[in-house]
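What follows is a set of notes on a single structure, which appears directly below.
Chain IDs A, B, C and D follow the sequence of writing; residue 1 opens each chain.
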């Protein structure tokens, strides 16, 4: 096993890790804001990927150029989900924790069915985007351009999210998160903040979906391939922590790749899960979770 | 919200009553012959199930209609042995779940009174369906389940026209030997990669055994989790092994990912010999485009064998009309043939009684030329396995699948890069 | 001071539950007789199976408030245990099911040991992950036939081996017995010290501690009972379906399916799991039967919409339609 | 100092991060007395209270109940040893009825349901909650919830009952009723330690008071002594009120 192979695999794992991190970021944001775990998160990713595919098929618009479009679309979907379902789920008097888990779970089943109805069950993929099939050479290391671009865009998206958290709106988010009842007293509209939170959370998944559509196939059930990793990422990083999602995503991408290389590809998720369980032994709220 | 909840409940109750208590009405004379078909129509394997549905409907249209296809029962007009009765398919969704497959098969048998069941693509569902059919003494026609173990369950109502993975894998190694002799560039090593499912694990097991028997080194045997987010490390390991032939057993989604990952790793295997499945799915070809060029797969069907199988163009055209212009492939052709075999047995039995039908199935003897398959013919042994179904090796050349082995039926020479 | 216990709401309610339960048992015992359809009987078998499983989940998830998304693990362990004992050693599943229950309980304790340190969503996701980890390991474990699964061949009609060729009725009574025992276990523990302690732990951990409730052991007790019931259910499932493989007995969707009836019916209530299973399982199976053949996903949409609608419209569960007081006012316990 | 102390607080210190919540606090609680633990916000009352109830472990010093150390053993052991407590912010088990709430407490001393229920019913009668016994806790009024907490704690058969601001936020009539309940509790032979930051409501009720300020013990004595103590006046009202 040569050093360049290990380096190649490690870098590939880290690039995938950035995508995991961005998929997880939206989940983490929403959780941090209102204690809701969105079990339909993977399906938001799936919707974004179909949006990319359909727009590409209809207008020939390259996935990269669709970034703002799909992000905006997903923002709208996120707000709609909040208004139609989550606001109601949070409003119930009993079992709020359980109700929100199963409402979002029902939503995920519903969206898979709806995608099958609307788009059919065939596997789709976009093979003639600007990035498709190109590679980047770094010495002996060869990296596929779509993944490199995905990694870069994910980093930019993280930078944007961090910047947002420093703005006035970010402060309002933070305040809402700290004390959900007190903010009403100082004139912050909680419902509006929550809607925006869902919008931003869904938009980040949208961005991840656009970049994934460049190199991953699309099907109604594609969301579940990433959703599980996203939940583990968020729990490992600490619910509600952006930095946690980033670090955990990178860690998972790396562990997954190295487990596949050194142990056995079919056990790569076991490697990830083992790290997760080990970390939770010592930090029950994840790496960056507030204790 | 409460009102909404009540309405939903009411809806659910109505649904339950409608589904539970309203038996499907069979039409009057000559009554349609009901045949059950259990396939995954939702979930990850849904595209395959959808194609299977269309393939079976295509063959039903041939049997019932008047399309004049030059093969057994191709004249149409129903089954002459049963007074021109039409065959009618009743589909059920297994959701690729053995328990649901079982209860759906049970429903088809006890509620719809189907005379036989055809299915089911995945091995796990085939196990439960074939078991339940055996208990109810209803024939199960396995159209495309290829796990050899299925015909070793000791079931007496199980019939499989298609070859098994044993036959398929044997064809691959026969091909290696033959092409090695022909070109002087034999296969010395293979790399096996398979998903860790029933299908993948079983396939890899047989490949490893046969490689050993043939004196070919297995450089690596990679098992991976199906529907994984990435196969790039797996591709790196394949590249590192650099075997003469890469032998994947994967479903469509992973096949797409794998070929892309190998390309991204800058790795072009000298040869890819696929265990069918995802690699012959039209969605795979569409998704990977030129990267599919040169891929070989075992198959029980060759679309280009039109000279010896004159029915192929007509069936293919009808199937295209049914299924959005998709071309017949190894799976859909086997589904067409499965229904043809069953219809032939019904026709000869002149009865829909289960024992008569089984007796007729056991005496099935269809020459290959009467089907669309390149087989010698269809004849079942005691275990219900067709002993005349000989597989072929296909290669994707210049945008279409060509038969490259056995050389006797080949329509194009194999493009063989091993040893170059 | 008058200290003699006099009939009060609690004892009255519990007596009433017992009477209703007995009456229901009689009704359910007679129900399949006029319903001749094998498919409908099969549907009822599944419904009872899930009623029992959900009752088991409810002990930990409902009464004790630990939302587990990994109960398929205990189910799978029960299924594999009794199946391996039967196919390899010839031990009949009527005995194997107790071994399955015991190992299910042990597994639940093993999972609980690390996971009960976590709270709220962290706990839910940890159970989900541990369950999937075992799924992946079993898929690669040659000793249990890895991903290929195990077939239970039909040998002979036998009550001891729980094998019935085509008759569904015997299995109906087996599952009725299972659901009834799960119900009785729930009834007994609900009225016992554990039942009170679990609900206290669910509602407020700190307050429970101040009343000398040892939180961790009480969660472990709930996990063990819960795991045992679900493990036994797994053993029965294996015998009923005749085939198990990792995906179908250890998968995530099964974990959710075990929890859903309790949630939809009413978490932390005696009747919730039963009622939830009676609604969900027929709807799920019938929507597959009725709409699944179209392959267009409408069955999934209906099922998903039903779950969303019920969870929102009836957060206390369907039991609230019958005026049964939900015992689950608390939120996700968010305090380790 | 106090004859026959049931509870002894010995040199207890506790810091949270950089904030010293308790610094070397010592006092005794006499058997059968009603002791008021008073002090302005941030005086360290709650921290000390949690240490006695076992919810927190002091950094230094120890707490003895009947001569046995209970500090650092955890809430469960403290309750078993005989400490009962209520919470400043009411923590009732909202999904359970009043009777069921109290039964959880009774199960601290009884393994079986029947005696636990008997004892719970007795305590409920004692606390005047009989008409509300079968009402879910979330439906109670705030003063009823406070009573429920007292009942629940009494059901654990404590020898010392810690009451955390149980009179705060009540109307004068409700407060009167609450005080009657406290006296009745003492009449059962249970020692009572009450935390309040509003001194006035407490003075007529308590036998003695311990005043905390900025984590330290400021004064100790009868209510009359304590209110005349210049340090106490300064702490509560500022320097200009010191005569």
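Going forward, a contact is a pair of C-beta atoms (placed from the backbone, for glycine too) under 8 Å apart; a residue touches a chain by one contact, two chains touch by 3 or more.
This structure is a prediction, so every number in the text was calculated from the model and none was measured.
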(request) Pretend subunit C isn't there and tell me which chains still hang together through touching. (result) A, B | D
(request) By CA centroids, point me to the most central chain in this structure. (result) C
(request) Compute the centre of every chain as the mean of its C-alpha atoms, then state which one is farthest from the centre of subunit D. (result) B
(request) Go ahead and note the Å separation of the Cα centroids belonging to subunit B and subunit D. (result) 75
(message) Suppose each chain is reduced to the average of its Cα coordinates; what separation in Å results between subunit A and subunit C?
(response) 32
(request) Let me have the rounded angstrom distance from the C-alpha centre of subunit B over to the C-alpha centre of subunit C, please. (result) 37
(message) Please tell me the distance, in whole Å, between the geometric centres of subunit C and subunit D computed from their C-alpha atoms.
(response) 43
(message) If a residue has to touch 2 or more other chains to count, which residues of subunit D qualify?
(response) none
(message) Can you list every residue of subunit B that touches 2 or more other chains, as numbers and ranges?
(response) 1, 42, 46, 49-50, 196, 223, 225
(request) Mind pulling the residue numbers of subunit C that touch at least two other chains? (result) 136, 139-140, 295, 297, 299-300, 302, 305-306, 309, 312, 326, 328-330
(request) Check the chains against each other and report every pair that touches. (result) A-B, A-C, B-C, C-D
(message) For a test of understanding, state which residues of subunit D touch subunit C in their complex under the given definition.
(response) 53, 55, 74-76, 79-80, 84-85, 87, 91-97, 99-101, 103-105, 107-108, 110-114, 116-119, 121-122, 125-126, 133-134, 136, 138, 152-153, 155-156
(message) List the residues on subunit C that touch subunit B in their complex, please.
(response) 37-40, 42-43, 46, 136, 139-140, 146-149, 151, 153-154, 165-166, 237, 241-245, 247-248, 279, 282-283, 285-290, 292-295, 297, 299-300, 302, 305-306, 309-310, 312-314, 318
(request) Within their complex, state which residues of subunit B touch subunit A. (result) 1, 42-44, 46-47, 49-50, 196, 222-225, 227-230, 232-234, 236-237, 240, 252-253, 256-257, 260, 263-266, 281, 283-284, 286-289
(message) Residue numbers of subunit A touching subunit B in their complex, please.
(response) 1, 5, 8-9, 12-13, 16, 20, 88, 113, 116, 120-125, 127, 133, 135, 142-144, 147, 215-217, 219-222, 224-226, 229, 256-257, 260-261, 264-266, 268-269
(request) Over in the complex, which subunit C residues touch subunit D? Could you list them? (result) 1-6, 8-11, 191-193, 196-197, 199-200, 202-204, 206-214, 268, 325-330
